[in-house]
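Two complexes come next, and they have one chain in common, chain A, joined by chain B in the first and chain C in the second.
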Partner chain A sequence: MNDILMDHGSGGQLTSDLIDELIVPTFKNQHLTELKDGAILPDPQNKLVFSTDSFVVDPWKFPGGDIGKLAVCGTINDLCMAGGIPKYLSCSLIVEEGFHIDDLKTILHSMQQTAKNADVSIVTGDTKVIERQKGNQIYINTAGIGILQRQTSYQYQENDVIVLSGAMGCHGASIFMAREDIHLQGELLSDCACLKEKAMKAMAYDSLRILRDPTRGGVATTCIELIEKSDFGMELYEALLPVDPNVQTLCDLLGFDPLYLACEGRMLCIMNENDAKQLCEQLKDGAKIIGKITKEHPQKLYLKTKIGATRQLHKLSGQPLPRIC
Partner chain B sequence: MNDILMDHGSGGQLTSDLIDELIVPTFKNQHLTELKDGAILPDPQNKLVFSTDSFVVDPWKFPGGDIGKLAVCGTINDLCMAGGIPKYLSCSLIVEEGFHIDDLKTILHSMQQTAKNADVSIVTGDTKVIERQKGNQIYINTAGIGILQRQTSYQYQENDVIVLSGAMGCHGASIFMAREDIHLQGELLSDCACLKEKAMKAMAYDSLRILRDPTRGGVATTCIELIEKSDFGMELYEALLPVDPNVQTLCDLLGFDPLYLACEGRMLCIMNENDAKQLCEQLKDGAKIIGKITKEHPQKLYLKTKIGATRQLHKLSGQPLPRIC
Partner chain C sequence: MHFSKPKRPIQLMEICGTHTMSIARSGLKSLLPDDVKLISGPGCPVCVTPSSLIDLAYDLAQRPNTLLCSYGDLLRIPGNKYSSLQGLPQVKICLSCMDALTLAKENPSKNVIFLGVGFETTAPGSAIAILEAQRQNIQNFFFLSLLKQTKPAICTLLEQENTLIDGFLCPGHVAAIIGEQGFSFLPNQYHRPGVISGFDPEDILYSIELLIQMLNQDKPAIQNTYGRIVKPQGNQTAQAIIQIVFEPQDSLWRGLGNISKSGLQLKKEYETWDAWKRFNLPPLTNTEPKGCQCASILCGQKEPKQCPLFKTVCKPQTPIGPCMVSSEGACAASYLYESEDLL
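Now for the complex of A and B:
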């Protein structure tokens, strides 16, 4: 058994083999092993957070990660950003006929390792196979359940600040370089990572208003989403924005703006300034205050540029980099 | 806005428009409207059932349903078959560039209608766009949370019987006919339906051992799965198996076996004979006892044929009908 066949999706003997020989041994846990149509989970005795994401990243392997790591981190991060502590994940695979079984193994192990590191179990799943197109496509959906730890909302206060947990755009840039086979002198890795520990540190602050990870659309689009339903505006300071030098080189070469490149392991949080300073020290990895909440220009995002000008930022329009997650 | 563009998956302005104008209004409910990275759900105070399924059915529209109805029924049914009462669903779309927005609307409304009829809310979601291939592909993942109502297991007793809630293989046959543009004289519709009410009726019987819906692989494959982890064998009686006459005609023409054709709205349950007779009367729609549990030939499924012979049935091997769900 080297490549995925249409029969691996038939629901018959080959589907059983794939599940029994590859999927269950990789994700082994008490909830998964009964293999009913659903996993039965203990009573959390708390409010639940429920999230889902499908991953279609192309190529499936990139510097700093692969679609498996991304699919587990992505849903764990969404649960954390909604104020939850992630507990359980589902894993649903759509695999193209001809996909190499060894590559599928790599991806499943990467999912399991990432889940284990975050103390999360993959407890239920599904596998479908679609006809051969290019022979190297795989799509993964993960849905997740977490226990609500901290209710967050768009209730900001004037002079709250925005913390960004690390450099912008490394994920988007690394996917682009993997896809176009571009090589720069330095090493550029995706920031793909699990935000559970960082989010738990942020949730410990009373003044925390909201958490969000700037994925598709990047920091600029996410910041607009954070204010467009509030009564406040936001200012970002170009001089304070953390950009990896390799990402900056790539952006200079190609005319990209790092503010619109996706991150997959960065956290934005809004809180009061004193708490934010303390949090940045705890988070390390270049966490910085990058802007503030203002009563001026409600629902608008302004960038104060290095040369002292002010520019309004809009949501990403046009698609410089499709399928980055 | 008539067709899906790559930009609808960018995470930028067009993604927002799609969510705000199409998806949220269709699925409108209190949990969905905050549009955070995850939905926050009230404490169920009970054990949870968690399930997921991705749907890749081709064509997306077929006599008796479409991929939207199928995606909602499929996960609702999985939750019910695991002994749960379904409460919340997620909806994650992977749409091909060029897919018509009107078709997407049809699918979303079909999802919402099906969810509403089952008293289930779609509370969180995600949208991705992949490059144009044939221009008419859509994949939908639904994950679901239910409250555990009835713990089931493979603990059968000798002479327990198997109930099937209606005719076999209508879904598989209708997909085949839609795909190959075959027309028979009678009307053949998919059995695609929500099993919540039927499952709740079955769960009311103390002697219920287990519930399962015979989807991919059909009744034969599902029956083997039901015994292969137990100490018992199973016998099915060909003379008692309910087959729709149109499905039988198609099978006769093409050499298919209705025992291996998928159902998407049928339920198999194992319980004692007296309860089973009563349940069949309650379920109507042609629900029938089709076989029994035996201590002979453990883990093997035998078919007693109409002419009195005995034939061992195996799991589906080979794929007569790919992508039926």
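Now for the complex of A and C:
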């Protein structure tokens, strides 16, 4: 393949291929190769966590948030998922000529409010403007530094369980509805949220193995990434998967699978079952145990379906497109 | 769930792509008795549309002041001359024909052309859009009819030599329009049972059990387990609207060839909105990509894993044939949801 396709940005198989075959080999170093959400850097006093993310969401404003909130939550969440307590962010804006200043103010205010709520400061930044029609309104990159609180790893134990902190797919579904101007009865908001408090609750448990936020590619793709470098397999239980009824309706209508829709404020954690039960009670918001780690079928993810059958789940393939009927 | 034991090995065809996906997604095949086999039929509208449509649509999109509207899953189909319609700025994803009509009103300087693939399910909505275009005198909206009817295709399948289909899981959505009566030809003309089924795995399991029972008793009939939606006479308002706007015409099916009176074209009084006539377009031709077995798969003669391209070069990211492109295609369903070591 000679050209970048949209699917290279979907968070699925082609994204993995691009990272593994091109980006990591080019920049190869000890901090990069683990490919967690953030790198852990040596520092005389503390271990630092460092992460970056770019945001190109279209439309920039969506039910439940905007690109500013998303850009701050996204990097804060990546730092938390790497076991860090986020402290400082940078903010690089790439704005298309003609973008309204009032809209930019809305976005910056939303960034500041989100950062303040998480006790994080935006301390450096950059602004570039690109010519009219050479971009899509506004793109934001944020990078962030946090202090390492908890070292996590892929060292699972058999019968560890997987906790999901809330209903899956709300962000992906709400963006799709906003983009395609679809209206359904009932309110469907993005789950875009800062995970700092929830992550800190999870980090308090000794049995916590790892934390991840299931963004692009959804819960299924993220779960595969969590086991593909380990010696274990994973099973999810369809009957236990939390899905918002509005998201389910949209999926039924358009042929999407909630397991592959992005979340922007949900956390997956792997830990022992007793701790997981306590954590779910603390987290509330529909946090649930959705599956378990197994020695059978290493590096493969299976779903036990509601009718008692079993099927393998794969990484997201291609962008979800609405089907005809 | 315990199934009745079939008296002989049987093959059942699900005609609807949404059934194919539900079966694959729920892992339902792994629960069936060994001697009951499900095969996927030509019920995904994207899959049965010849790939020459993509070349025709691509060329059409190059004309000045043109906006092409399409359902999302048509965009990834590879053409013969061109890679696909994906990424062309003048191609817009629409969820219904009415969306395309709205786009035409918002862009009066553009010719807005809707790629009208689908079966009896999408035909009424398209007919309403065309009647609205007439009522509001919208002259820049055009419908490229690729609509197909289910019955002629099933008849063609059953009249093929060595046909292997013992019974049918009938499509719930199509039946909502044409009613139980729309499938009575199965027992009456072909001595085959059919069950009109909903799309939850439980609906499908129950429908399969009824098919096994009818086959065991050799009493083929049409039964309806989707009575909450499907009525014996169907949706007569929708049927009437289809008849006002459309008339049967011969139509080319991928895998099945040309089938007499199996398509729907705009009647003469609506030709102002007929893209075929307005843009003087050539008829579609049936050219398959080399090695692609979609044609045999759509007829239930082969399974996806019997195609040499399946999982080797033909994958959801880089599809060769339409059954891999559409999320409802038999190959995509098999690739995404069926694991060889479990089935």
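Simple rule for what comes next: the second predicted complex is superposed on the first by the 273 of 325 C-alpha atoms of A that agree within 3 Å, B and C clash if a C-alpha of one lies under 4 Å from a C-alpha of the other, contacts with A are read in each partner's own complex, and residues count from 1 in each chain.
The definition used in the following text is that a residue touches a chain if its C-beta (ideal position, glycine included) is under 8 Å from a C-beta of that chain, and two chains touch if they have at least 3 such contacts.
Here the structure is a predicted model, which means the values were calculated and not measured.
S.K.: Going by the touch definition up top, name the partner, chain B or chain C, that contacts more of chain A.
M.R.: More residues of chain A are touched by B.
S.K.: Scan A:G217 for contacts with chain B and chain C and give back first, second, both or neither.
M.R.: In the superposition, A:G217 touches chain B alone.
S.K.: Based on the superposed arrangement, let me know which partner A:T305 touches: chain B (first), chain C (second), both, or neither?
M.R.: In the superposed model, A:T305 contacts chain C only, not chain B.
S.K.: Of the two partner chains, chain B (first) and chain C (second), which one does A:P258 touch, if any: first, second, both, or neither?
M.R.: Neither partner.
S.K.: If we overlay the two complexes on their shared chain A, which of chain B and chain C does A:D7 touch? Say first, second, both or neither.
M.R.: A:D7: touches chain B and chain C.
S.K.: Just checking: does A:I182 make contact with chain B only, chain C only, both, or neither of them? Give me first, second, both or neither.
M.R.: Only chain C; A:I182 stays clear of chain B.
S.K.: Is A:I145 contacted by the first partner chain B, the second partner chain C, both or neither?
M.R.: first
S.K.: Please indicate which partner A:G318 is in contact with in the superposed arrangement: first for chain B, second for chain C, both, or neither.
M.R.: Both: A:G318 reaches chain B and chain C.
S.K.: Between chain B (first) and chain C (second), which, if any, makes contact with A:T15: first, second, both or neither?
M.R.: After superposition on chain A, A:T15 lies in contact with chain B alone.
S.K.: Using the superposition described at the top, list the residues of chain A that contact chain B and also contact chain C.
M.R.: 6-7, 12-14, 314, 317-318, 322-323, 325
S.K.: Within their complex, state which residues of chain C touch chain A.
M.R.: Where chain C meets chain A, its residues are 1, 17-18, 21, 24-31, 45-46, 71-76, 86-87, 93, 95, 117-119, 121-122, 173, 201-202, 205, 315-318, 326-328, 335-339, 341-342.
S.K.: Looking at the complex, which residues from chain B come into contact with chain A?
M.R.: Against chain A, the touching part of chain B is residues 6-7, 9-16, 36-56, 77-79, 81-84, 88, 90-94, 123-126, 128-131, 133, 139, 141, 143-146, 148, 151-152, 212-213, 215-217, 221, 225, 260, 262, 314-319, 322-323, 325.
S.K.: In their complex, what parts of chain A are in touch with chain C?
M.R.: Within the complex, chain A touches chain C at residues 1, 6-7, 12-14, 180, 182, 254-255, 257, 302-303, 305-312, 314, 317-318, 320-325.
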